[in-house]
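Below are two complexes that have chain A in common, paired first with chain B and then with chain C.
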Partner chain A sequence: MQSALTVEGVCVDYGASRVLRQINLTVKKSEFVALLGASGCGKTTLLRAIAGFVPVAQGRIGVEGRDITHAPPEARGNAMVFQSYALWPHMTVARNIGYGLKLRGWAKARIAARVVELLALLRLDGLGDRLPAQLSGGQRQRVALGRALAVEPPLLLLDEPMSNLDARVRETLRHELRALQRQLGITAIHVTHDREEAMTLADRILLLRDGVIAQEGPPEALWSRPASAYVADFLGATNELAVQAGGGAVRGGAGGAVAVALPDGPARLLFRPQEATVLPVGEAPPPGLVFEGVARQVTYPGGGFRVAIETSGRQVLADSAWSPAEGSAVRLLVPPAAAHVFAATQT
Partner chain B sequence: MPFLLVAPSLLLVGAFFLFPLLLSVQGAFMGADGPTLAHFRTAFGLYRNDMLVTLLITGCATALIGAGSIAIGGYLTLGGSRRARAVLAWLYRWPLFIPFIVAGQSMRGFLGQNGLMNSALVGAGMPEMWAQSFLDWRGIVITFVWKQLPFATLLIAGAMAAMDRAQIEAAQNLGAGRLRVLLGVVLPQVSRNITVALILSFVTMMGVLSVPLMISGQSPSMLTIPMAWRINSLGDYATANALGVLACLMTGMVAWVWLRQAAAEKAK
Partner chain C sequence: MSAWRWLPRILLLVLFAGFIFGPVANLLLWSVAESWYWPNRLPSQYGFRYWERVFRPEGQAMESLGLSIWIAALATLACMAVAIPAAWALARARLPMRGLILLLFLLPQAFPNMPVYINIARVFFSLGLNGTVLGVVLVHAAHGLVYAVWIAAAAFAAVEDDAVLAARNMGAGALTAFRTVTLPLAAPGIAASAIFVFLESLDEFTASFFVGAPDVRTLPLLLYSAAAGGNMQVAAITALILLVPSIVFMAVVQRFLRADVLAGVGK
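After this line comes the complex of A and B, so read on.
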């Protein structure tokens, strides 16, 4: 099957500095791809290069087999949803949504019918005559989405569309967007710095770092098998302990071992607080790396306790079903599946 | 207390602006034997054509300034070549720093029968018999446009630059070319700034004496010329005051259009 988007060896420069290096990406029809990364990693630049707002220094971009590398933005046919909504304040909701169709020379009656259809789809019924200023943030972003969807673009580009919304609205809109994308079979590229947003929405995630792809794959793969310490850290494994690799395994300070494919020498163990456990001293531990430590602080974020444990001169966080006394000795268990180990030389 | 704070500025405005203004308005209606409209009859009888010429010149110049500043602002906002934008942005402001009288003087040398413009055109191959002097109402229009265009552009291009760039990109992204973006997205949002720029230009040009004096003082010309003539040569303050009131009425009309538009926008 023909791919919806192909990006081959794309490089982008801002003045003298190269901000995207040799990016390769193929997106299948109806696939939802998230470009994830910290600010300044180049994710928005890649999206804007695909939209035609940023010139490509090297490489090729194709949509449905058509080379658009040097086409002006207005000739590319894809539709973008902006972080700031970018609705035109002097036009009603209906005119905003119908603008792309007007440019395509549709008759007035046909535009009106399509706008009504989209308003219903986006749960904006009856708001067609309002001005953007009279809508809430969530409604505005739905109008912006409707404006992009109206033209049935081969490629939908989403530039952090939810970062200006409050958490609850964002969650609702996230699920709506996912449902809509499945229902309409839209091919979409979504830029975000929010890990959870990328994980819930995307079929595939591209994690960018300093203008290159750090890792690419389905959300579960990135989550359970991060390719580097950077990816692990970005995906929530914020705890780090120094360990020693030897004989194809690393060992916990107080027992337990996990097999690794690393040469002998110092290594970094990264793990997520919610995947680690706190055990009382003396209890026989389940499989995993075990470390002795002291509970320094216990908080209750809801559902369970979060314990700050001091071990081997570092402080790490771990979730716990029980509440150890602050200052008491405890054991930290990192189960094999939760232990992400990398050579200490790797960054 | 708050009144005490504004008192100095109120006093200043009252003493140096309102009072002289009222005095000259009153002067326009006062004859030797009490209130009269005689000065207005004189003004109308002698200078009806000058009034029409004044409106024609300022109206033409305002329209051209509007078109020019939208074109320059539009290119500065939407233009493709970064270098051309930089050159234009640097170039367009210069006439702002040149006084009206100097603009009039240099235009006199430029637009005359044997001026620089005709010499250049003839040099470029225009038949010599086509060369004509622009030192009439057209010269005044050209000088006004040259002098006021940067001012209007400054206001309009500034408003365009202040727009959310994503709004322009959203339109381009959906397939709108530059002209459509300008007409459909940019202009409707800066229309108020355009109106302000043009009204201020109109009012400024209405009161300029130096340019018509330099370019073409022959009758009929702009109202400022007979006003200066009545005062300086004839000591006839009454007719000059009447002409002043009429000039104020003309600018008042324009201001009224603006206020109405602003009120209509507020009502929305």
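After this line comes the complex of A and C, so read on.
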């Protein structure tokens, strides 16, 4: 099947500095792709290059087999939901949503019918005559989405559409957006710096770092097999311990080994607090890397305990079903699947 | 105790009020004074005889007012026709040397008015524009350009980039996006700048005097000759008439102009 979007070797410059380097991306029809990354990684720039707002220095962008690398924004057919929503304050909700249809030469009655249909779809019934200033943040966001969906774009571009909303509204909208995308079969590219948002929404995630793709794949693949320490850290593996690789494995300070495909030498072990366990000293450990440590602080965030453990001069966090006494000796277990090991030379 | 705190404020307010309303009160008094001779503090006889004379069909005041409004309207049109594209280019297209160009528009204001207008009058005389409505309109439009460009540029700059990009993204060409999004959003600021140009033209004196007089008699010129001729009553009434559009438009500007547009002037 023809792909909805192809990005081939795209480079973008801002003045003298190159902010995107050799980006390749293919999006299938009805696929939901998230561009994830820290601020300044180039994810929004890539989206704006696809929309035609920033010029491409090198490479090619195609939509449904049509080359749009140098086409003006209005000739690209994609629709964008802006981070600031960018609703037109002088137009009513209905006129905002109907704008693209009017430009496409639709008759008034047909536009009105389509607007009503979209208002119902987005649970904005009866708000067509309001001005954007009279709506709540969540409602504005849905109007912006309605405006983009109205033209049935081959490609929907979402630029951090939920970053201006409070946590609860965001949660609801996230699920609504996913349901809507499935229901309508929309092809979408979603820019976000929120890992959870990217994981819940996307079929595939592109993690960008300093203008290059750090890793690409389905959410589960990025989660369980991060390609670099940077990706692991970005996906929540914020604990780090220094280990030694030798003979195709790394060993825990107090026993246990995990096979790795690394040359002998110093290595970095990264793991997530919620995937590690705290064991009492003396208990026979299950498979995994074991480290001796001292419980420094115990907190109860709900559901279980979170223990700050000091081990080999570093402090790490681990979840625990039981509460060790502060200052007591404990063992930290990192199960094989939770241990992400990288060569110390890699950044 | 509290009286001591309030007293200076009240005195200050009265002083300000005196500065603002004192001259207007004096004008009002003169306009209804049928006879007022030195050393009397107040007129000895009141009446509306001079009002009647000014508003008589054969009186020149109404004709001058009409002419002034006509010139102001034309000057505003001419000025905005240049100012809107110029302001848009300055605010939205990333022009090199933007600051320099903005300064250039300000430059005519930096020189003393007199020599500038005397020179304009000389040039206009050789072009046959002296003493014509067109000549006065042109010189008023040039004079208003600085306000128009600066205020309109601030209005255009206050339009969010994303709002315009959203229109392009939805399928609008550059011109359609300008017509449906940029212009309506900048309209309040542009209207305000047009009103400033109109008011500036309405009570502009120096340029009208050198370029227009004596053939084109705008209201300020009539006021001048009335006052110079010692007819304080006619001068006062003319001045009061000139006050009306100013007050009306100022009220309109207040409603129209958002504080953030004004704050962006010159940015």
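Criterion: the second predicted complex is superposed on the first by the 347 of 347 C-alpha atoms of A that agree within 3 Å, B and C clash if a C-alpha of one lies under 4 Å from a C-alpha of the other, contacts with A are read in each partner's own complex, and residues count from 1 in each chain.
In this section, a contact is a pair of C-beta atoms (placed from the backbone, for glycine too) under 8 Å apart; a residue touches a chain by one contact, two chains touch by 3 or more.
Please read these numbers as outputs of a predicted model, since none were measured by experiment.
**Student:** With chain A superposed, do chain B and chain C clash or fit?
**Tutor:** clash
**Student:** So, does A:Tyr99 touch the first partner chain B, the second partner chain C, both, or neither?
**Tutor:** Once the two structures are laid over each other on A, A:Tyr99 reaches both partners.
**Student:** Once the shared chain is lined up, is A:Pro73 touching chain B (first), chain C (second), both, or neither of them?
**Tutor:** Both partners, chain B and chain C.
**Student:** I'd like to know which partner A:Gly304 touches here: chain B for first, chain C for second, both or neither.
**Tutor:** In the superposition, A:Gly304 touches no partner, neither chain B nor chain C.
**Student:** With both complexes superposed on chain A, which partner does A:Gly253 reach: first (chain B), second (chain C), both or neither?
**Tutor:** In the superposition, A:Gly253 contacts neither chain B nor chain C.
**Student:** Of the two partner chains, chain B (first) and chain C (second), which one does A:Val151 touch, if any: first, second, both, or neither?
**Tutor:** Both partners.
**Student:** Can A:Pro89 be said to touch chain B (first), chain C (second), both, or neither?
**Tutor:** After superposition on chain A, A:Pro89 lies in contact with both partners, chain B and chain C.
**Student:** Considering only the contact definition stated at the top, list the common interface residues of chain A for chain B and chain C.
**Tutor:** 51-53, 72-74, 76-80, 82, 84, 86-90, 99-100, 103-104, 147, 151
**Student:** What part of chain A is in contact with chain C in the complex they form?
**Tutor:** Residues 51-53, 72-74, 76-80, 82, 84, 86-90, 99-100, 103-104, 147, 151 of chain A touch chain C in their complex.
**Student:** Considering the complex alone, what residue numbers of chain A touch chain B?
**Tutor:** Residues 51-53, 72-80, 82-84, 86-90, 99-100, 103-104, 144, 147-148, 151 of chain A touch chain B in their complex.
**Student:** Which part of chain B faces chain A closely enough to touch in the complex?
**Tutor:** 164, 166-167, 169-177, 180, 184-185, 188-189
**Student:** Show which residues of chain C lie in contact with chain A when the two form their complex.
**Tutor:** 160, 162-163, 165-174, 176, 180-181, 184-185
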